[in-house]
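Quick one: this structure, given as structure tokens, is what I'll be asking you about.
To keep things simple, chains are lettered A, B and C as they appear, and every chain counts its residues starting from 1.
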Amino acid sequence: MTALSVRDLSLAALAVRDLSLAIGRTNIVDAISFDVAPGEVLALVGESGCGKSVTAQAIMRLLPAAIRQTGGEITLGATSLSNLSARAMRDLRGRQIAMIFQEPQSALDPLATVGNQIAEALRQPLARVRAEVRQMLVEVGISDPDRRIDQHPFELSGGMCQRVMIAIALIARPAVLIADEPTTALDVTIQAQILALLRRLAAERQTAVVLITHDMGVVADIADRVAVMYAGRVAETGPTAAVFATPAHPYTALLLASIPRLSDVPKSALAVIDGQVPQPADYGTGCRFAGRCPRGDRRCVAETPALGPVADGRLVACFHPVGG
Amino acid sequence: MPELKSRLLQALIAIFGVLTIVFFIMRLSGDPTLLLVPDGATAEQIAALRHALGFDRPLLVQYGAYLLDLARLDLGESLVQHAPVAGIVAERIPYTMALAGGALLVALGVGLPAGLAMAVWRGTWLERALAGFVLAGQSLPTFWSGLLMILFFGVYLGWLPTSGSDDLASLVMPSVALGAITMSSFARMTRIAVLDELSRDYVAAGRARGLSYGAVILRHVLRNAAIPVVTIAALEVGNLLAGAVIVETVFAWPGIGQLAIQSIASRDFLVVQTIVLFVSMVYISMNLLADLAYGVIDPRIRRDR
Amino acid sequence: MRRISWGTALIFAGLLAFMVAAVGADVFASNDPLRQSLLLRLRPPGTATATAYFPLGTDDLGRDLLARILYGARASLMVAALSVSVSLLVGVTLGLMAGWFGGWVSIIAMRAVDTMLSIPAILLAVLTVAVLGPGFFNLVLVLGLTRWPRYTRVAYAQTLQVAALPYVRAAEMAGCGPGRILLRHVLPNIAGPLMVVATSEFGLMILFEASLSFLGLGIQPPYPSWGSIMSVGRQYVVRAWWLTAFPGACLFGVVLCVNLFGDWLRDRVDPRSQGR
């Protein structure tokens, strides 16, 4: 085990250790590790292309055919997913580990009723579990559930569809929920409602949530802990409040500085990170942020910094952490 | 139901358009009387017939009379067979329907599974093999494949009757010959529709809630993919009826296709006209039927109506 | 420069062979396709006499099958090329006008398209040829004047798209008349999709010519066409398989190559359709 865990592993509902993914010979995700405890929300945050969505697909074992897992281990409670048969993995999906998607309206079959799609997660015909499905619709805050249960997705708003997706994901009481950009496609006002709903249900049901997002605002709203990803690696991880207050990785610091704040705008222009994220084919031997980093030096280009502890419960992969 | 109304109106316009086109084609030769007289008629006989049929009246009057007759379902009388055209054609329709039905069965039975398999096993040797098969079916001239089948199964192996309409066995080869092209378009269309659906998020979402890939296809993908396929299924029925002209000639199958060719040879043009009108009407009705079928499959349209 | 695969090369070779056979029929054929010899009726492939050699055998009137197939390729190519040109001209003109002027022009044009497409093409051709009488000229006219609707549909849809582009609007502002804009600015931009339709129609026209000739409504005897050779072959299918097999194989091969070429062209014109 190369990456250190700051916490007791037996507490984790989901643990990812040294996960590596590749397209052909090109690594797109490089030995990343994180874990989530029951009832906890972990945000996996990063720019598009940093590998956060494929990580989610890898956890579900639903990777596109072109992408392979080249290393690492994923454990769900006491079960290692990597060695599970396809059949056993299928039995876990929906029951032990569930997922919600970025665009709720396209993640629902347009021709099947809401109730039927929720009942599928219980592997029962709707007629037999109707009361349970109805109750779940109430829990995710859908009014008039008796009518909605027999409606089709096109009769529901985007926010309502995402509530239905949450109902599908949580009705079988899974231990882990993966939420891949669950609010990106929604109106701003609806976003806050959906995040609050996720937060409440995770706490009530003690579900471990992995929230994948590119939006630091969403992270601040809902996540207990955060793992910042950059170019296929974890740059920094720790409790949200601590990371936001004193970011240790220069990338995290710049990312936080680029969030517009009402008080900042009149005074100074927004901080912008110069340069571009490297493409997976151009990942060199050193720190992948070195080319854009204000603190980068020769060592950063030559060597890869390992993820190591900086403070209580915090890890960072940097030779020259901010404030260190 | 504004959508349905406009569909009906479109169908009516198409029917009217077909009637008009056929009317003017029949007059392309200048004097339609010449198309209708039996061989060896004298000039007086022709003139008398021209007057009797009203072909000496102005074109517009003739056109009005033609539409009126058709509105009363009066298709005229064959001057060759001295019998109502409607009866002559109606007698042959069941044979063509049986042939088209057999061909549709072949086309659906082979085309849909082939298209589905090509989409699901995309990029494998199975897809390439099926793609070759589909392409061959699409490029085969029906009269050639028909003759080759007669040669092989009829003459060489002696398994199937080479022509005629005596029993079900004699329907096999004509159905395969006629169904081949339609099979190819079903397979192509099904493949595209299924590929389209497989790329959608609800497939990943279905698997994420624990459905197997096969279950997602059976429960969700097939129904969504059916929508575009239903349209061409309806249109293909019209193409099958038209293709029957050739297949019936090859296999001496006594349907309306064979009748059309025989009637051209015997210069019985009212019969040919009636067959063209009949097939076009079937085509337009099938189109309308496909639109109605959408509503049954797709709840989004059901609500709009 | 993209590498051309073996499969693609084979398609081009097939099409080239068809064209060369059609154009150079008189060079390649060692016998006159019309000369009859009642003593040499229905001879099998490989028959040789003191004066002539018949590599593919002879037909019911003792004519050289190879020569007839070569001249049949010429008929096939000419009918297909001419009728596609006629329908392309009619269809594109109508489609451009409908797309540019809109309003009543487009309503009437598109209704006419729907109507034409409601009559199965082969039946429409059969009826029209029957009325006008068979023959080469009528065949081209009928196929050309019944097969324009698909071009109109594509040209109409594409013109609507292109006409909304800023540079077309700019040309209009600059005072270009509709004729000039349509020919100079719109047409070059919609040529790709039109070529794809034209290729698939070309294959269909070859099939239609053969079908109509098979029914006795196309190329008239004694002139050869693949369809009419097979129609004779049908009568002698038991005694003379070569009369059916060879022209049919040529027809199948050419149509297959044209269809494959059409797929290849579509992938190049519209990369989104790759592999569909």
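By our rule, contacts are C-beta pairs under 8 Å (C-beta built on N, C-alpha and C of every residue); 3 or more make two chains touch, one makes a residue touch a chain.
The structure presented is a predicted model; accordingly, all values stated were derived computationally and were not measured.
Common partners of chain A and chain C, by the touch rule above, are B.
The most central chain, judged by the distance from its Cα centroid to the centroid of all protein Cα atoms shown, is B. Remark: chain A and chain C have CA centroids separated by 57 Å (rounded to whole angstrom). Chain centres here are Cα means. That of chain B falls 22 Å from that of chain C. Chain A and chain B have Cα centroids lying 54 Å from one another. Looking at the complex, you find that chain B touches chain A at residues 200-202, 204-212, 219-220, 223-224, 297-300, 303. Contact residues on chain C toward chain B in their complex (touch as defined above): 111-112, 114-116, 118-124, 126-128, 130-133, 203, 207, 210-211, 214-217, 227, 230, 233-234, 237-238, 241, 244-245, 248, 251-252, 255-256, 259-260, 276. Listing the residues of chain A that touch chain B in their complex gives 60, 62, 90-95, 98-99, 101-103, 106-112, 120-121, 123, 152, 154-155, 165, 168-169, 172.
Chain contact summary for the complex, chain B toward chain C: residues 10, 13-15, 17-18, 21-22, 25-26, 28-29, 35, 135-136, 138-144, 147-148, 150-151, 155, 191-192, 195, 238-239, 241-243, 245-246, 249-250, 260-261, 264-265, 269, 272-273, 275-276, 279-280, 283-284, 287.
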